[in-house]
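Both complexes shown next keep chain A, but they swap its partner, so chain B is in the first and chain C is in the second.
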Partner chain A sequence: MLNIVLRTLRTNPAVPLVAALVVVFSLLSPFFMTGGNIEAMMGANAVVLIAAVGMTFVFLAGGIDLSISTVISASAVISGLVMAGTDNIAVGIATALAVGAAFGAVNGLLIGMCGLTPFITTMGTQLVARGIAFVMSQGVAVKGTPYALMDFGFAAFLGIPATTIVGLAVVVLASLTLCGTSWGRELMLVGSNRNAARYTGINVRKMEFSVYLVSGLLGGLAGFISIANLGNAIPGVGDTLLLMIIGAVVLGGTSMNGGEGSISRTLIGVGLLAVLINGLNLLGIPFYDQLIVQGVLIFVGTWMAARLSRRRA
Partner chain B sequence: MYDDIFRSLTRQKWLPIALATIVLGATLSTVSPAFLTFSNLESILVQSSVTAIMAIGMAFVIMSGGIDISVGAILFFTSALFAQLMMDTGSYPLAFAAALACSTGLGLLNGILVVRFGISPLITTLATYSIYRGAAIHLTGAQNIPVPREMGFLGNGEIWGIPVPILLLGLIFVIGIYALTQTRLGVYVRAIGNSDRSARESGLPIARVTIAVYAIGGVLAGISALILLARVGGLQSGIGIGIEFTVIAAVILGGTKLTGGTGTVTGSVIGAVFLVLIDNGLNLMNASPYIYDIVRGGVLLVAVAVDRISALRRERQLRLQKTARLRETHGLA
Partner chain C sequence: MKDTATKVSPILSVRGLSKTFAGKPVVRNLSFDLHPGQVMALVGENGAGKSTTKNMICGLLEPTDGEIQLDGETFARVDPSAHGIAAVHQELSLFQTLTVAENMSIHHLPGSPVRVDWAAADRIAREQLDFLGMGIDPQVEVATLGAGKQQIVEIGKALLQANRVLILDEPTTSLTAIEREKLFAILDRLKERGLAIIFISHFMEEIYRVCDSYVVLRDGEQVGAGKLAEASRKSLEAMMVGRSIGEARLELTDPQERLALRVEGLCSADFHNVNFTVAAGEILGIAGLMGAGRTELAEAIFGLRPATGKVVVGEEEIRAPSVAAMKRRGACYVPEDRRLNGLFLNRPVRENLSAAAIGRFVTRKLRSIGFRGEVKSAAKIVDDMNIAVPHIENAVGDLSGGNQQKVLLGRWLATRPRLIVFDEPTKGVDIGAKFDIHNTISELARDGVGVVMVSSDLPELLNTAHRIVVMRKGRLVGQFHRDEFDAARIISLAASAGKPADV
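Let's turn to the complex of A and B:
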């Protein structure tokens, strides 16, 4: 019994933090544990969850994708414009995924095939994606979202918002891909030791290309979900999300150095930030004090996760 | 003699960005006759002073193998503290001393956290970015605060006919070059960036140098904050958002490697000027302000790609030289 608890703690160091926060907030606020609040909390974080899964893949491979935040904006805007013209949700999804995949492919080509530094390359594509989002939308929210999509954004099953169900489905699929396919295992090997991976015959360049492609695709999906959540495609939607996305992944305990981490850890990391922000909002803490708490938590959480995994090794 | 100058010039890492800046400037001057006037060139330097000063600090951080995402938040915190103190006390000496001490302190804190806890500098400064920014808004209660009119001297004033921001930039530029090339600190910074391990094995004071590097980044962000505050005329909520990426872009454009170990102060300053020239050019063409991001991103991608190509070419040249030498020594001609 004790063994199981200890093992969970080591593989998911953020679990006790989430539990502690849930207890504290439900003691401090009578609204925290209500169905309506839990539903709102989950719905508000579906976009971050999907994007964080993409970032987890990139981190596991030893890279970083700064562009994912504004790829969300660009794919939301372009898909929103297409849907405003066609009123067709299927075309909208396809557009969002295609835009995300296009940015992912550019990142993958430059980083994987040409060997450019991930940080600077994705910083460049981040700016390009942001510019495209603002140019195409003229800087204002894109109107004309199909009603069916807005209904989808409000829909919930068993108290779980439909957008969150999409996010959870992505988590399950990503987890299965990472643990159950040779692609996932090769990805972990590339992240933990590039040279060893090359000597075992893995095509490292192709691997890196596919990782950024996946991250771009998930950015596109997150952009589409953001339209359902907010009712409109907003060009600045991704700008403030980067801190949340990276914070959630590292808080969950996935290392930026590659090879160490999992999708389930990211799910818990997103849950941790979601609970924290929701609870602080309920307590009436202003946004600037939330920034302080968020920063401290990201630092302390990452430090604890690093210590726990070091002890195991 | 000319050969020597040519050879030493082509070895400078800032040469590509300098040439690109000259070409861009020449293009702009054909588009608009107003470009090559003394006052326009002067105003371009003034406009680039804030990012250029911060880029000098960032160059040291990146050369040591680190990165500082929090500089924009340090800039914002320093502006907030200065404006708030000026409003409350009206004392310039107090406000200046507090602003400079505080920005140095925030940089020191970054360095201490990086050294003491061993978390990647990116995550550490991402966390402090959030903390500093939140603390600054907390301090001022999310208000916009004007600064006294005399403060404008730092932004628009002149000494001996030279604008104050350019003087400050020049002074910091000279000190930066001196510190990097003539002092032990400069050598240590590059040694640590080159190989953390060999630096440790040769007994260099890694912790102290790392902390010093982040403190330099902090104090230069603080000085930039005062110039920016003077130019803008008061504290505004958007100050410093996204500036860290512009500053990093200037350093990378200037020829400094993100992996650390090598870099130049000169290139970082020219990189900052180059970015302002691009804005200037887009402005001349009446481009939509939203296009700016696309062009900046594109420039950055081209810069890293060009850098990569030249590195590959150098590698191939070295390999060819090596095989040629091997053939010679083994008589396989």
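Let's turn to the complex of A and C:
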């Protein structure tokens, strides 16, 4: 029994933090544990969850994708414009995924095939995507997206928002891909030791290309979900999300050095930030004070993750 | 000169110097005297303890036992800058993006901590380079210099610190013949200055050219010392190799007719026109010194380095070699540096074992997603190879060197290869693991696998190989069959500066 508890703690170091926060906020605020609040909390984080899954793949392979936040914006805007013209949701989804995949492919080509560093490359595409989002929307929310999509954004099953269900489906699929396919295993090995992967016969460049492609695709999906959530395609929707996304992945316990982590950890990490922000809002803590708490939590979380993973074996 | 030198008191005296790493003695009871103006050769095979000795004398390592006397004063540990001792290590250690002058004065920058006197640094470097007599501009960036000139800069840098003892570790491996002669001329001038020099080299010609005395190490023990004029090259080589060779030879089965690998006219920047074959069931050893191009050759066969020429596995010519393409033809390469190029240290033993053949375990069924049979396969390899690991889910980084090496070997054996190329298969592993690995290799050969073994451990090659080819400076220069193995001849062929013989 104790062993199972310890193992869970080791693989998911953020679990005790989530539990502690839930207890504290339940005691401090009577609204925290209500169905309405829980639903709102989940719905507000579906976009971050999907993007964080993409970022987790990139981290596991030993890279970083700074562009994922504004790829959300660009794919939302372009998809929104297409849907405003066609009123067709299927075309909208396809457009969002295509835009995300295009950015991912550019990142993948530059990093995997041309050997540029991930940090600089994705910083560049981040700016390009942001620029495109604002130019194409002329800086304002894209109106005229289908009502059916907004309805989907408000829908919930058994108290779980539809958008969150999409996010959880992504989590399950991603987890199966990581743990059950040779692509997932080789991704982990490339992140663990790039040289050894090459000497083992893994096509490291192709792997790097594909991981940024996947990250771009998930950014595109997240962009589409943001339209359902907000009712409009907002050009600045992703701008503030990058630190949330990275913070969630790192807090969950996935290493930025690659080869160490999992999708389930990221789910916990997103949950942790979701609970924290929601709880602080309920307590009426001002936004800028919240930033301080978030920052401190990131120190504590990563420190705990490092401590626990060192106590392996 | 030599006779007068021995009459003055020694500049450096070493008495009973010993070093133990984790309970394992690496250098035992080393004693010698070094006089001003004397050049002493420190010789021995790879792993004999030369580097450890060098590092103790230049203060990088603290001796476990024994004492070092400088001008009669005894020290437990050398402080290189205070005691005027410096070493030029085998690997060049200059900062490529800095200038020659900056590199040379990096240990002791002139001027104050807030304002470095670059003009003085420049002047110091220029004086030193002038003395060395090489036309090197102290203002140029080190990266623009060739390996030979960089070596001279290293020596100049060391001389700024060394006014008593200079240690040179394989200083000529990256030099051309002309540069080598210039270096020897510099050494002669340093002798006249009264500097004592310890010269580490594998090349016997060089040793007889520049040295006055010698110390021979074997397995960490001093097996010989004296004046070089009184020792023949043959006797020196015999001391290095010792009598342990030839004992406990493995029983080998005869190779088959069928070829496992044929390499024709392979060329690259590191080696020239290499031709050899390996039969199925044959173990071919590749002997040579460090820097002879052996690793580069092995990696080129697997497409890890660019090369031109023909690589034929079995009957099939591999047009564009890559690790994956070779793997499909049942050929695999086990690299030398297992931590850098072999293992996924933070991943479990299981994943490391299946890394080269993960596709075999993938199931198409959604119900049982995961890798069918992976655990069973890993457990079997652990069992077969006698790998000491608490659980296959333990990270590979937690294992000992020998067990790590077995994991790396096991990974490739799981692909059921027909040809294996090993690069230093037992480097840094303990005796027990070494024995296990040798047995595994001979069993592979018995089952008809072709084996190529690059090794700097000559006794290992003599023990396990059917045939040994010798590589020197990028060329195959000789070949020995098992019934004509001769350690001294192999060493002298690997280290001689003569014309390559026909293979």
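Operating definition for what follows: the second predicted complex is superposed on the first by the 312 of 313 C-alpha atoms of A that agree within 3 Å, B and C clash if a C-alpha of one lies under 4 Å from a C-alpha of the other, contacts with A are read in each partner's own complex, and residues count from 1 in each chain.
Throughout what follows, a residue touches a chain if its C-beta (ideal position, glycine included) is under 8 Å from a C-beta of that chain, and two chains touch if they have at least 3 such contacts.
In this text, all values refer to a predicted model and were calculated from it rather than measured experimentally.
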### Message
According to the stated criteria, A:G139 is in contact with first (chain B), second (chain C), both, or neither; which is it?
### Response
first
### Query
What is the contact status of A:V5 with respect to chain B (first) and chain C (second): first, second, both, or neither?
neither
### Query
What is the contact status of A:A169 with respect to chain B (first) and chain C (second): first, second, both, or neither?
neither
### Query
Looking at the overlay, what does A:L27 touch: chain B (first), chain C (second), both, or neither?
neither
### Message
Contacts for A:G259 in the overlay, against chain B (first) and chain C (second): which applies, first, second, both or neither?
### Response
second
### Task
Considering only touches as defined above, state whether A:L116 meets chain B (first), chain C (second), both or neither.
first
#### Entry: More chain A residues in contact [chain B versus chain C]
B
### Query
In the superposed arrangement, does A:S182 touch chain B (first), chain C (second), both or neither?
second
### Query
Between chain B (first) and chain C (second), which does A:A148 come into contact with in this model arrangement: first, second, both, or neither?
neither
### Query
Which chain A residues lie in the overlap of the chain B contact set and the chain C contact set?
none
### Message
Under the stated contact criterion, what part of chain A meets chain B in this complex?
### Response
64, 110, 114-117, 119-121, 123-132, 134-135, 138-139, 243, 246-247, 250, 256-257, 286-296, 298-299, 302-303, 306
### Message
For a test of understanding, state which residues of chain A touch chain C in their complex under the given definition.
### Response
176, 179-182, 185-186, 188-189, 192-193, 195-203, 259-260, 312-313
### Task
In the complex, go through chain C and note every residue touching chain A.
304, 322-324, 326-327, 333, 335, 340-347, 351, 354-356, 358-359, 362-363, 369-371, 390, 394-395, 398, 411
#### Entry: chain B to chain A touching residues, read off their complex
67, 113, 117-120, 122-124, 126-131, 133-138, 142, 245, 248-249, 252, 258-259, 288, 290-298, 300-301, 304-305, 308
